[in-house]
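Next up, some structures in structure tokens.
Shared between the two complexes below is chain A, which has chain B as its partner in the first and chain C in the second.
After this line comes the complex of A and B, so read on.
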């Protein structure tokens, strides 16, 4: 799923503080699951904004509502925002974009969209995919070097590795992990083969994707 | 009541699931609800909850035979929660609400007999909008509660507290009026739209044995009644009580207090079969009453002014079908000398003067479904119909009679439907949960020592202090007050599964989360973490807490501190600020970040999290989450420059707080 995180409150406050009535819109799919855009976070952020704006001496009304998914027009149609001057989205970038397209008033993001990730326990996620458009996970034992390697290199590790740790010091070296997992499958010889450079133009040539379009993607 | 084992997904149906304590209570009091209020120290709230279903909390808190406790799911772990004692605590420490009297209906009802069934019927009829008058033959209301149960078990003040509250519902009482003699039932039927007969069992049974008319032989009820009126009764030194039930125990212990030196109880049943409750027998024994089981009385003989009971050994009381059919062994005889002999072998109804058609067995003719007698407008309920029962059964009978009358007069079957509703019952505590629960023994109530109590009519059981009551109530497993999920809001994020220590939420195909109500003990961890607000607690309302915060701060001054306090923490330190307003909760996890921010926005100068002490914690796994929550709140206030406005005083002692 798409992992999101709330922006610093100062940044959010400064975006909306010049409006009179702002509608906070949550998203009950990825953003809720990421504990940043569900009904609870909408209520909490609304309270925080009320407190924050009243301390700045401005009076802004904050409304609260939820959409099942902000990235689906049919759900977005349900939004009733007539009484508001602006919308503050607690969805991912796609949600903000579709709201902005659908609602004829300013739409602001309350969240930063981080990555496509997997849950690693309570309130914890691991980045696993960067949506590069040409997946290599079949050659790398399911560990994405584009995402998990700080440099995103396709043939690693680089010289910065030490005791299995990346030179940034905040993560294990993806390429050491790839090797160890291949080895556990008895497939370490795969590691000897070089990965071809990725065709990064796939992303550029795929501004949108319609499954029924005649043209194939590549 | 169906006893289906539930793998309960609470959103599945509206059918209410009862905790076994509630299911076994004849009036289905919301036991987990009031225990939870007591646990938080909210005694008046607890009293309100009890009064919804039972107008006699002070009485039943003292003398109820507690069918609820047999069902308590803690029985499997250690001992049942002291449910009745906690009802008494609610009545002792809570404030009875001021009823809103609205006689919205034109009909009036006459209730004949002011015992527990009559009082209960009057209370519920009045709450349903009828005008009610109670006609009582004795000078005061209460029936057997006043004239049958001795003061050392149920003091008059405790009884009057309940009766005063009942009468405050605008119920009239005409005492000293014997229906059938002073006024006829048909006159009452003309005066009222309906008449309910709840006269109970007023006659003590005697024994069909030679010599029973001896002047030193008396029966239980006149003796107990005279004693309860404060009369000194000359019993002599040696008293013999015949009977093995609770009344016999009351008589024996009352005889001690009336000055008898040597009190013996003779009964037909063996020690194991005696119908008196084990505690009553034990108390009588410890006060010095000698119990002589398995003797059948044969004759009373005169013994130079005193008397003696001749007995024969009773081999068995019941036949193989459990019917009463005593067999005697004539080869073994006994002789019990006494200055006074008191028969406590049962009561019977005295209904001959009422003018109602009777069955061949002398019982009022009655349709058991409608509670109508053979005379129009006249109903009957309680022990006069059912024979001797527990007080709480009489309360239930009164409630049912009120419902039946309401259906007939007002064509309103709602209360009756509610009473007839089938409710599923929560099953036993699953092993997965039991193994994670700590053993905690029941808190023993202070009582007079036996050498003191045997000489005085002062109440023997002294009641819980507020602290003891809260601690005891915290032993409740909060059955059926736990998590419910609103499917339409659930985002299937699985956070609930990750925080629940008992494995209550599980995920089924399609991503639906199911909650096993049998394993949930309402810690609230899942609800506190659910990002979609899809989980709520049956016994707690988030919206209600929002309103409580609003009420608490409605007139906040310039230096008002709101303290959210853990109800399980025995002693809270003193907090800074002149105007400190405390909101006590079962666990601090009931508070959300939004509640704290709301408090600050609505005028609180600071918010304090207090309590959450390891030693007294009910939900140890929740303490980590409370820590996370407080850290999150602090982080969110920091950019606003309001770090000082939120004080985490959890686990803190006085010294630490002194320099806040």
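After this line comes the complex of A and C, so read on.
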């Protein structure tokens, strides 16, 4: 899922404080699961903004609503924003973008989009994918070095690894984990294969993906 | 004479390093280099070491070359993509700077511009592959070069890395990618290092043992705690702890280490880490003379 986190309240307040009526729009898919864009979070943020904007001497009305998915037109079409002069999205960046495209008024992000991740416990997520467009997980025992290594490097640990911990000190070294997992499969020989530099053009050449559009076979 | 000739000779090779200044004043860097004139075979020039912004390594190498030293261009992958890396290496080679040491580079987050974007388009192994392409006459995309650099290509290895197996797998990739010599992370345990050398001997590359002179027991403890891949043994720490003059004791520790390993490796790389004046004292204490006299002739 897309993992998101609410922006600091001061930053959100500054975006909306000059409007009269602002509609908060939650997103019931990833953002709700990430406990940042569900119905509860929309209600809580609206209360916080009523306080923070009035403290700044503004009088702003905040409405609340939910969409099933902000990143799909069929759901975004349901949005009723006519009575508002701005929209505050509690969705990921794609949700904000589609709302902005669909609603002829200012749309602001209430969240920061962090990464594509997997749940690691209650309200805890691990970054697992950087959407690089050319997956290497088949060579790295299912652990993404582009994402899990702070430098995103291929071909083994850098000199900063210390007792299996990254030089940043806040995560295990992905390349030590990859070695250990390959070793547990008896596949540590594969570790010795040099991985070529990434083809960074894949992402650049893929600004959109239309499965119906005719495309040269890859 | 050159680093390459020193490496090709059967003699014990000595390298050290200097750091470019933060600013345009190269006086101190040249003074540090002057202390080592005629005493080392080559001088590494660090590349925004520890992700702290400094003068361009190439510019610093040119200053050193003009002053009659043989510089080693350290190249990290942190600040440049594959296009910039290649163009810098070609540019340096056009000035006769042909010793290259390929590194991945410390993360930007640990440096003095932590908000900068780390590049890491390549890492050390892939950089070595790209350098091999350059020396064989093409760029990384296979385009022909007009004027082909003749480079002496090195890399680094951490003999005391924990865990060791992934580090050694990477070492072997670097050998396959064309590194002909290795400078190691600082090592202190001679027996453990000789064990590493027994393994490394099988690869036909030159290995220079990394030396960082300890100036106090506190420094040793700090390095054990904070510098990845460094293991100062407890016996060394207690020796420094008990010493009246810990700096002299540190120099003796380094000299003894050199003597303990000189038959098992091909040379030493002495890193000054802010105490350049101590390097000649280590060389004296260990009775080290350079394999070549490169830096004597200006």
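Simple rule for what comes next: the second predicted complex is superposed on the first by the 215 of 218 C-alpha atoms of A that agree within 3 Å, B and C clash if a C-alpha of one lies under 4 Å from a C-alpha of the other, contacts with A are read in each partner's own complex, and residues count from 1 in each chain.
Going forward, a residue touches a chain if its C-beta (ideal position, glycine included) is under 8 Å from a C-beta of that chain, and two chains touch if they have at least 3 such contacts.
From a predicted model like this one, the values you see are computed outputs, not experimental measurements.
Student: Kindly say whether there is room for both chain B and chain C on chain A in the superposition, answering fit or clash.
Tutor: Taken together on chain A, chain C would fit alongside chain B, as the superposition shows.
Student: Once the two structures are overlaid on A, work out the angle chain B-chain A-chain C from the Cα centres, in steps of 10 degrees.
Tutor: Roughly 130 degrees separate the directions to chain B and chain C.
Student: Once you lay one complex on the other using chain A, what is the shortest C-alpha distance from chain B to chain C, in Å?
Tutor: Nearest C-alpha pair, chain B versus chain C: 23 Å apart.
Student: Under the stated contact criterion, what part of chain A meets chain C in this complex?
Tutor: Within the complex, chain A contacts chain C at residues 150-164, 167-168, 175-176, 178-179, 183, 188, 191-192, 194-198, 200.
Student: In their shared complex, at which residues does chain C touch chain A?
Tutor: 77-78, 82, 103-104, 106-107, 109-110, 118, 120-126, 129-130, 140, 156, 158, 161-163, 165-167, 169-170, 172-173, 176-177, 185, 228-229
Student: Contact residues on chain A for chain B in the complex?
Tutor: 8-10, 28-29, 32-33, 35-41, 43-44, 46-48, 50-52, 54-55, 119, 121-123
Student: Considering only the defined contacts, which chain B positions touch chain A in the complex?
Tutor: On the chain B side, the touching residues are 489, 491-495, 498-499, 529-533, 592-594, 597-598, 600-601, 636, 639-642.
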